[in-house]
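The structures come next, written out as structure tokens.
In the two assemblies presented below, chain A is common to both, partnered first by chain B and then by chain C.
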Partner chain A sequence: MLQKKVCMLGSFSVGKSSLVRRFVASMFDEQYHTTIGVKVDKKVVNANGEDFTLVLWDIYGEDAFQKMRMSYLRGMHGYLLVVDGTRRQTLEDGLALHDRVVAEFEKVPAVLVLNKFDLTDQWEIEQAQETQLTAAGWTIEHTSAKTGAAVEKAFLHLAQLMLAK
Partner chain B sequence: MAEQAQRRAFEAQAQEKPTDNNHAYEELRHLIVAPEQEGIASIQERLDNQEKRTEDVSAVVAEAIQMRREKGDDLALAAALAPTIQETLRESVRRDPHVLADALFPVMGPAIRKSIAETLRGMLESFNEALEHSLSWRGIQWRIEAFRTGKPFAEIVMMHSLLYRVEQVFLIHRETGLVLNHVVAPSAPAQDADMVAGLLSAIQQFARDSFQSGTTENLGNMTFDELQIRVVSGPNAVIAAAIRGHAPEAYNLAMNETLEEIQRHYSSALAHFTGDPGPFRTAEPQIARLLATQYREKPPEMRRPRAAMIVGAIAAVLVIGWAGYSTYLLIEWSRFLSEMRKQPGIVVVSYTKDGRTFHIQGFRDPLSEDPKKLISQAGLDPEQADLQLAPYYSLDDAIVARRATALLHPPAGVTLTAKDGELIPQGSAPEKWIAQLEEKAPWIAGVSRVDESHLQNSNLQQLNALKNTLESAVLLFPLGRAELEAGQETNLAQAEKNIRELVAQAAPLHQAVTIELVGHTDITGVEAANLPLSRQRADQIRAALLRNGVQSASLLPRGVGTSQPLRDEATEDGRRLNRSVTFKLTLTPLPAAGAVAANSGAAPAN
Partner chain C sequence: MPANSIFESFLAGQGYALFEYLGDGEFRLIGGWPPWCANIWDSQPSGDQRIGLADKSPFLENFLVDAEEFWRASSPGAVNSGNWIERGADGREIPLEASARSLDGKRILLIHNLSETFGQQQQWFQTARNSLLEHEKLLKEIQKKEILLHCIVHDLTQPLSAMNGVFHLLGGENLPDALRKYVKAGERESQRQELMIRGILEAFSSDLATQQAREAGTHEAPDLLACAEQAIEEFSPAFRERHIRLVLGPHAAGPRGWRVVGDASRIDRIFGNLLENAMRYAPKETSVTIGLQDQDGFVFAYVDDEGPGLPPDQRPDQLFALFSKGKSHAGKAGLGLYFCKITVERWGGAIGAETRERGGSRFWFRLPRATQTAESKAAAAARGKSVDKERPHKNKKAEKSLRILVAEDTELNRDLIIELLNKRGHVAEGVADGRQALVALEKQDFDVVLLDEEMPGITGRQTTAAIRRREAGTGKHQIIIGISGHATQDDEHRFREAGMDASLAKPVEVKTLYKAVEAAAQNLHPGAAGPQHEADHNVAAASSAAPPGTSANSTADSLANSPADCEEVVTHLRRTTGGNEKLIRSLASTFLADAPKALARIRSAVAKKDAAELAGAAHLLKGSLAIFGAPSAVAAARNLEILGRADSLREASAGLRVLESEFALLQHELRRINSERQPKVKSRSKPTSTRKRKRAR
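And then the complex of A and B:
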């Protein structure tokens, strides 16, 4: 079965781990996340009629260890850039991170995930921004780890992008 | 309320009326601070009121604790609360244990179940091991060791049987941490390879980054008690092995060799890896080779021949022992038989061995040693011998002697020996026996002649003794007289007795007895007178003997005068002795029994 290394990027408390937890077969404890800054999970998806394994590297979103984060990303085939829709700052941080990644590694498929979509009354991302991002080439998904809305869709979309590459 | 207070104050003031100034100050004060005063009063009221205070604290106590916890100072809070909680639990149990029991009940069930499951699993494991090893000698040895050291049997088994065991081997793409191939030893626990490999790579990177060791350093080993994860890294690939026990350094070499091989064969596949592990399926046998299990002892398949070897060895020892014993017996028997050949009276013609029995053919003189006794003496088993010995007359010297002894019954003091057909009796035997000997000896098989030179006739000896006694007798006469001295009668009687005995004993011995009565004188006087005197003395004795009935025929008187002195004449004693009569005895063998030859004149010298 085909395997792809997928990383979860984004700033602190955007919901990366929650999304993963929603989605995967987990083996390791939360403590791995806190001790070494990464937790590895796995999910088998079916895209284009084919089964393949997504090995998910859920990386601790702490800025202090930026350097470490970069080395974890080495060799990844794709990533989900997770943004907390109720905090606009996280979108900017996320895009900055993306730029750093592109600078360090070659371009890989990515999906922009606007999380916490269930909190509609606290939503801070404006439609105009979204349109801009889509125009720039971003694939955007609105997810809620809480309700589960579009979580699987986001991962599947990324899978398709990776396959296409 | 404020207005009321104000009004009250006013009224109080109205009642008092001390001075106008004071009034004014008071009024002013009240106007300015009345609300605050009220507030302070109410707060004061609140503080004084315990109930109120409690109500206030109760509203915030939970949040306060939470906040304290969030502040991160858990320990202090826990320390502060711990004794209280302990007391609380104790109090609760004391009051009503059911409450706590009900609360813990949902916990206890799973906890107990889990514990039981663990125990059972452990038991099953050790049962498995026990079953595997109970019937082997090694198993028994290990049980003894387990008993001796107090360690569980399963532990001893593992300690002894495994040196190390590689449970899993991962082939990982270095950059992505994705699994290219993965093998698991049978019955080894295995988790999801993808996640394990991923985290392993993450840990490597973490260590590298955290400890600033540079990108060339690679995580070599992670050791946890008895589990060890060895990692060797190449430019594109990583091999990780999970080892239980202690693998030798040589294993690292094997890992490195395999890694180099894989790097070589799959270099382009590794460089262009995009997540498809397909090309690496063929690498499986190579990494499977690293799944080594090293047993300390020989693996079980070899244990059985070992037992057989031991049995074989014992059997071989037994066979050799038996063969050796048989050969030893054979040698002993041969030696014995050659000894037996030398035995007088036994002739071994031939012998055969048939199973355990020796058949011996030959001859045996009845007077020979009992062969069975000889066999026993040689230390062999008489029962093993089948003696087919025909009787015969042996002419061996020893046997002839025995035969003669048996037939002749020699008296005590006579031994018979034989040499080359000559019977040699030795010792002293009476005439009668000697006669018998002479008669019978020639008839004894094996005796062709008898050598009597070593045999003394005891009768003759006796006779000779008597002769000596007689010849030592001296009958004394007074000077110049022919009548016995007084007192010589006893001597005469003794002499007479002797003579009678002699005659009596001589007869059966076919000996004729001739007794010369020799008369002597001393040198006193002239020879012409002495000679007839000596003759007279002899005659006197003869007459005396005849008077008593002694046969006359054998008594011959003679006078020798002074020619045969008994003693020298120098002393009176000597002269006295020479005035005597002595006896001289002659024994003549007779040609035939009973005949006594007539003797006259001088008897021939003996």
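And then the complex of A and C:
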């Protein structure tokens, strides 16, 4: 079966592992468990009438303590750039990470995931900013790993973009 | 057992698995097959059986690229994969790390099970990242509280502006002595309240320290002796009332004078706080003495009283702690001495208190002497206009009459400022917003423009930008003074950046108002090259008031449960108007006619997600709602104002619904009040009746 390598990128505590867990196992844990290193999961999906395996690389969130190894991204077919919508800084950090990825690798499909959309009262990403990002070519999904909202949609959206490439 | 076998068994026991790379992603096991390998990759391969690790683990497949490169280069040492996690057949997660090495010409892959140390490592990272998240949360909380504080202070200063102005105007009237005494008391108390509000703002304002550090050494050095004399002049009447003598102690008129690092207005307040403190504890028929002494590079100032001295069970430094009120609780909020401490320490000084040997207490502070530059600057200023000491007299007319435009959205404040300026001999006229100010300036020239910061449509700063754009290249420079309700030095800095020439804090003090307007106008030289401020941002288009989308009828159901607010409205109006039916009706009519427009502006701002417009419109409506003492409605408007200021509009729609509901309740109540009172009011509302009653009182 066709396999597509998908990397989960973004700052620490934005919900990358939670999104994978929700997508693969339909589970969510309220407590934050930081990821050290890389965890690889697989899930078979159907997009455009075709079954294929998404190989999901959940890569630790970058911060002052851990810098990401770009070698982990080698051979990826697409990535989800995950941002915590309640922490504006994670968008800026995520976009900076994206710039580094673009500089080093051939362009691949990506989806900007604004996660924790269940916490709307703490939301810090302005509509105007989203509009600008959309205008700049970003595909944006508002997800909640907690409720499961739009999680599958985000992965499938990326799958479709990868297949279309 | 051969040595090699012992070594391989040892490695397996320590959680290592050793492989030789055969090419094409395949390996041969060297030594033992640890249990964790079996858990992840099934049973032990037999003999020389090839193991396709790259097929079994996408992570290893990826690492193999780096490993092959390493082996090809015959580099010394090893290349590591970094940590990754594999899931075992039993569902457990097993943390691993691989390293590629070359041994005796063989390509070796060593995989280490990190289970023993991984937990510890994860705990460290978890703790560190949790701390970072907590830190982020804390910063956000601080930011929110600062915004809230600024809003509260702004709300508190608005009515105070009016009070100060009213007392000042009354003081200028020909009043009987008994009444004049009450007016003076009212004026003094409203000024004291103003000092307290400013104290709260400054004590908590986080930007103050930076701002003042920037200022130190660059502005006019204040003269501590002049400040002490000023304090004595201001406080003597209050001390006299309590039969306490307030005197200036002996001090040598040193050749270096008494110029120190600091800010004159704040030193005035430090003396004020220390004197208020002394006044509370000094017995009748005793003296309170202010003195100054020269101390190597510092000026030492003290306030001595002849009271009971410091409480024996309290350390002197505790007196200067936040919210410390002393044992007798004779003080107020416990902010005064705290303010003194943080202010003096920011200037590189110190403050303290002690019980004097001869009885009584001494509160003292020490400030560094001003640098030569600051002193000469101050001296130059003194030789010139002596602006710092110039204190215009209340009833004195200005030397030159100025044409002044006052742009302020709160009608009462606007009228008061105009009245105060006209009393001074100037010709002032008012407009309600920035757009009207621009129109007025097109029609005629004004010497000075006073602009409130927060006005509907375009703000004071945006209006300034528009004025400066018009002036560009003409050689003209309109004197503009900004009025801010927040009164921080950061506001002043922002005003200057926006192109304003000076700023005034609300509540606007009469003396400060005259001083600012007249000092600014003194610098006016038509045609002279004033600072040309190129506008760098567009003036926001004022949004037209949309027709109200939700009428009071939409919340008719909730009106049936008419809450306590409505009762409160009636009580509040009766109390504030002294039961003046005509005034109540007039207030209600004005609100019913105008407030829906303000609400429409808020709706429009929420729909357009225009945070600045929302803050301005909610601010305006909040002021109107407060007149009727409708706390829930005021709170709803304040909430929207805060959301607008914080540029956080996610909850704005929900907030708007609350406001609409509260607004409808008030609207309903006011309509009822109007209809119920109409006949009675008609019978009493002859033009002169109100005036007659007022006179009789």
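The rule is short, and it goes like this: the second predicted complex is superposed on the first by the 147 of 165 C-alpha atoms of A that agree within 3 Å, B and C clash if a C-alpha of one lies under 4 Å from a C-alpha of the other, contacts with A are read in each partner's own complex, and residues count from 1 in each chain.
Quick note on the criterion: a contact is a pair of C-beta atoms (placed from the backbone, for glycine too) under 8 Å apart; a residue touches a chain by one contact, two chains touch by 3 or more.
Remember, it's a predicted structure, so these values are computed and weren't measured experimentally.
Peer 1: Touch check for A:Arg74: first (chain B), second (chain C), both, or neither?
Peer 2: Both partners, chain B and chain C.
Peer 1: Check whether A:Leu2 is in contact with chain B, with chain C, with both or with neither, and answer first, second, both or neither.
Peer 2: A:Leu2 sits against chain B, while chain C stays out of touch.
Peer 1: For A:Phe52, decide between first (touching chain B), second (touching chain C), both and neither.
Peer 2: first
Peer 1: Counting only touches as set out at the top, which of chain B and chain C does A:Val40 meet: first, second, both, neither?
Peer 2: It touches chain B and chain C both.
Peer 1: Starting from the residues of chain A touching chain B, keep only those that also touch chain C in the other complex, and list them.
Peer 2: The answer is residues 5, 32, 36-40, 55, 57, 71-72, 74-75 of chain A.
Peer 1: Residue numbers of chain B touching chain A in their complex, please.
Peer 2: 173-179, 191-192, 194-196, 198-199, 202-203, 205-206, 208-210, 274-277
Peer 1: Along chain A, where are the residues that touch chain B in the complex?
Peer 2: Its residues touching chain B are 1-5, 25, 27-28, 32, 36-42, 52-53, 55, 57, 67-68, 71-72, 74-77, 162.
Peer 1: Quick one: which bits of chain C touch chain A in the complex? Just the residue numbers, please.
Peer 2: 57-59, 62, 65-66, 82-85, 93, 95, 118, 121-122, 125-126, 128-130, 132-133, 136, 609, 647-651
Peer 1: State the interface residues of chain A toward chain C in the complex, per the touch definition above.
Peer 2: 5, 12-13, 32-34, 36-40, 55, 57, 63-66, 69, 71-72, 74-75, 87, 89, 120-121, 123-124, 126-128
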